[in-house]
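Chain naming follows the written order as A, B and C, and within any one chain the residues start at number 1.
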Amino acid sequence: MAQATLDMGVITTVDGTPLKTKLRQAERRNRLRSFGLVFPLLAFIMISFVFPIGDMIFRSVDNPVVAQHLPRTLAALENWDGQEIPDEEVFSVLAQEMRVAAEAREIGKVATRLNYDLPGSRSTITKTARKIRKIEEGPYKEVFIEADKDWGETETWSKLKQVGERYTISYYLAAVDLQRDATGNIISQPENRQIYVPLFLRTLWVSLLITVICLLLAYPIAYLMATLPVRYSNLLIILVLLPFWTSLLVRTTSWIVLLQTEGVLNDILVWIGVISDEGRIQMIYNMTGTIVAMVHILLPFMVLPLFSVMKTISPSYMRAAKSLGATPSRAFWTVYFPNTVPGIGAGSLLVFILAIGYYITPALVGGRTGQLISNFIAFHMQSSLNWGLAAALGGLLLAGVLALYWLYNRVVGIDSMKFG
Amino acid sequence: MAALPPYTTPLERAWHYGFRFICACIFIFLILPILVILPLSFNAEPYFTFTPGMLSLDPEAFSMRWYRDIFENEQWIGSIKNSFIVGFFATVLATFLGTLAALGLSRANMPYRTLIMGILISPMIVPLIITAAGMYFFYTNLGLAQTHLGLILAHTALGTPFVVITVTATLVGFDHSLTRASASLGASPPRTFFKIIVPLIAPGVISGALFALITSFDEVVVVLFLAGFEQRTIPRQMWAGIREQISPTILAVATLLIVFSIVLMTALELLRRRNERMRGIRPS
Amino acid sequence: MRRFLKSSVYATVGLAALGLAGVSQAADSLTVVSWGGAYTNSQINAYHKPYEAKTGVKINSEDYNGGLAQIRAQVEANNVTWDLVDLELSDVIRGCDEGLLEPIDHGILPAGDDGTAATDDFLEGTLYECGIGQIIWSTVFAYDASKFTGDKPSAIGDLFDTAKFPGKRGLRKTPRVNIEWALMVDGVAGEDVYETLSSDEGVDRAFSVLDRIKDDVLWWEAGAQPPQMLADGEVSMTSAYNGRLFNAIFKEGKPFEIVWDGQVWDLDLWGIVKGTPNLEQALDFVKFSTDTQRLADQTKWISYGPVRQSSLPLVAEEMQPHMPNYPENFKTALQNDFEWWADHQDEMNERFAAWLAQ
């Protein structure tokens, strides 16, 4: 412990260093010690979580394939004006590079990449590559155009030039239903390919709807729990916590069992005669299924923050309002409700954040119409293998979520997040 | 329940009971899906609805066959084993790292507290599909995809926010004069740590650990991307079952998982009460 | 800078991980990937079990739902954990083009039981640079006979006619077969289907036919799903792999009827994933599992046709009528055009995904 002695107006410790310095040193040591405690987890999260996600998102602009396999062709196209198809010289360079790539079995990658930006061009490349491997030398122009007439179109060439860029924005453009035309102007995708903007909107809309439904369902029961005597409310809390603790897949399974056409609910409806056996209602494998199951899964996230806010509101407020002559509804809206707004904000933001990134439930009970943006990210990750597009969609989703997270932190504060 | 005071008007009375009725419906919505599975998992027939035999409580209509199925099936047994292995190690790691970090974060002089807290909580907020995609490339490059270790590390990352939050919450009301008192009475820092801090934060640590465990136990998206055949966990096996062939075996597994979560929940509730007693908080 | 950062992160973590991750797959096991359910079961019985008994090599059987996605992911990430995959022909062609599959020397294949050299014994068009054929299978559609009291579905058009035969339909969640069927329903002759599809108008036409039933379809992915959906009453008719239906009808006694009209047949082949550490073992397994006896044995469990001439006489008499290539079933059959699909699957998949989402 530093002992202060008074000496010549400057407070120093026993060894003569000024107290200020000593305190600053102690402070720094303390800060380092605090940081030292946090460091292992911070390092772990940075390496195993933040870095991998950053690396994945980087794929949305990274575009090495064509640049790597057709460098000379791209160089030859550098000064091409885009007005007419290139001359024999460019064709022969491309032929040589395609031959090399085909023999190394890499041409498929080039074709796949070009196909993302120019649908249908995969076959143009693979067919031509097969043909080129069979002939020894040029002139190539006729061979190319004979193999696929698309080589006679300037669009093919300008797209080839575009996909040759080492870094690209085309994945982000595709993620918002845009593309570049042959001259580089940004235009919208043809109508039958415009799916992502509607999908983002649908995801936002569904998340909002789920949030509102959760709020409407959570508010009354949170109110009841907050106003009942403890011995009753404890029991009700368990009813909220049990679903919260039960596996997501278990709950999704239950909804399938309940809602499917030959399921419990339809059976009951048939039994009491509301519907006929042939008229069973499709309640799952569509948007209804997604919404019902997700509301059920996310409801506790709304109830708990509301409940913890309502618990702190003294019942005497309402009594005071009533004794001053307010009707019950007026007392509720002017006194009680404003006090619960922080809980509404916390619960709604949390539910909304969790809902827009949901994957499992829509995948299992959403059918064709109940899919959300996450399902398409998974689709491009696992099935279509368009990892660049998956990364771009993921990047947009992540940006949205992080913005909401920031808002949550500003409004609610992550410290106040609690469970159970 | 408290009887209504005699001066309530009929309208208020109607509203009072109407409100209770609405709440009852919402509670039924919450709990019904969980309850409906329990009896169906004892169905003797491979259907998902109540057979006439079940409704008339005929003992013949009930059977344990789906439970036997689980324990006779190599894949289910393997997945149960994997879930426990991954869950256990991920929980231990997450609890250790998370508790340390929470101790640091709760010290008054922690620099960049909000930012660091934000980063540490982010695994809970970032959509799982993005996490899974990122980890997929990362762990594959390291050769850790399709290993138990990879899965354990991934689940550790996902579990730590819960530990950080619960332990930090325990430390919020922590009275630092206790440690100073201990020090002034001559206890060494380690002694202070184990005699004063540990007992006080233990409930928070344990409930954080339970959350981390349930997170790992319930996680399927990252498993879908990272796990190979040898690392299949219970949720992964259920996922395959639900997508491909939803057999009553799934319901039996679901029932076991419900029982498991009830056990964990009870443990947590007991801890919460103990915690309140220890801090002298009387149940409000 | 970024690259340096990246490589140093990988290097440090890699080193740390290396010591811990030491226990990888044992060298004396082989991971064989196939389509799951009854089909994988037939392979386990006919190939895996006798092979394990003969060599002591343990075979891990894993399931997937077709496509090259996982293979490409493994090869590109340099993390090959699958050794042998049961592939559709167009995927073999494409996987070979993209360097995802190991070339297989046909010379190593054993001669037929009757002494015919392997290259002559295999049916024409069943041996490829990177793929060795095993079976002929087909996509057909089926209905639950107990659900239709009057007229019964008998032609491919009935699958698309919800006015005549009400009820939900099950279709595989892929453009494959569905767009071919759509054109056949629209009056395009089998032999012209792929030519029609090669034009934009043809594709539009196919999708406009699919539009008719879009709202009535439940989409399946795994081969085990459609018989289940039919049994549960979720759909009244569904497309399915013929072997799965055979299994449901004859092994599980389900009242389903198969409609062979318009069946689209294809091959399943073994492909070896490029860069597998168990190449020798995988080749050995390919040799073993495609010999005359093994291919014939497989038909005991599922109704898919063997691709060796010499296996055909060994197939049990009562299995014959359930094979896709049984003359009675084969009249209006269409072969999946693997080259067309190898070239066009990307755009078709993309179009299909967009169509589904809209």
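Points to keep in mind about this one:
The rule we apply is simple: contacts are C-beta pairs under 8 Å (C-beta built on N, C-alpha and C of every residue); 3 or more make two chains touch, one makes a residue touch a chain.
The structure displayed is predicted, hence computed values, not measured ones.
The touch graph of the protein chains shown is complete.
Counting C-beta pairs in contact, the pair that comes out ahead of the other among A-C and B-C is A-C. Look at where the CA atoms of chain A average out and do the same for chain B: the two points lie 23 Å apart. With centres set at the average Cα position, the gap from chain A to chain C is 32 Å.
One finds 39 Å separating the Cα centroids of chain B and chain C. Residue positions 136-137, 243, 246 of chain B are each in touch with at least two other chains.
Looking at chain C, residues 13, 73 sit in touch with two or more other chains.
Each of residues 48, 51, 55, 260, 262 in chain A touches at least two other chains. Those residues of chain B that touch chain C in the complex are listed here as 136-137, 140-147, 149-150, 228-230, 240, 243-246.
By the touch criterion given at the top, residues 27, 30-31, 33-42, 44-46, 48-57, 59, 217, 220-221, 224, 228-230, 232, 236, 238-243, 245-258, 260, 262-264, 267, 296, 299-300, 311, 328, 353, 356-360, 364, 374, 377-378, 381, 390-391, 394, 397-398, 401-402, 405, 409, 414-415, 417-420 of chain A touch chain B in their complex.
Taken in their complex, chain A has these residues touching chain C: 47-48, 51, 55, 104-109, 112, 115, 119-120, 122-123, 126-127, 192-195, 198-199, 260-262, 282, 285, 367-368, 371, 376, 379, 382-385.
Of all residues in chain B, those touching chain A in their complex are 1-2, 12, 15, 19-20, 22-23, 26-27, 29-34, 36-37, 40, 48-50, 97-98, 100-101, 103-105, 107, 109-111, 114, 116-123, 125-131, 133-139, 153-154, 156-157, 160, 162, 164-166, 168-169, 172, 207, 211, 214, 217-218, 220-221, 225, 235, 238-239, 242-243, 246, 250-251, 254, 257-258, 261-262, 264-265, 268-269, 272, 283-284. Residue ranges of chain C in contact with chain A, taken from their complex: 6, 9, 13, 67-70, 72-73, 94, 96-99, 168, 214, 217-219, 232-234, 342-344, 346-347, 349-351, 353-358.
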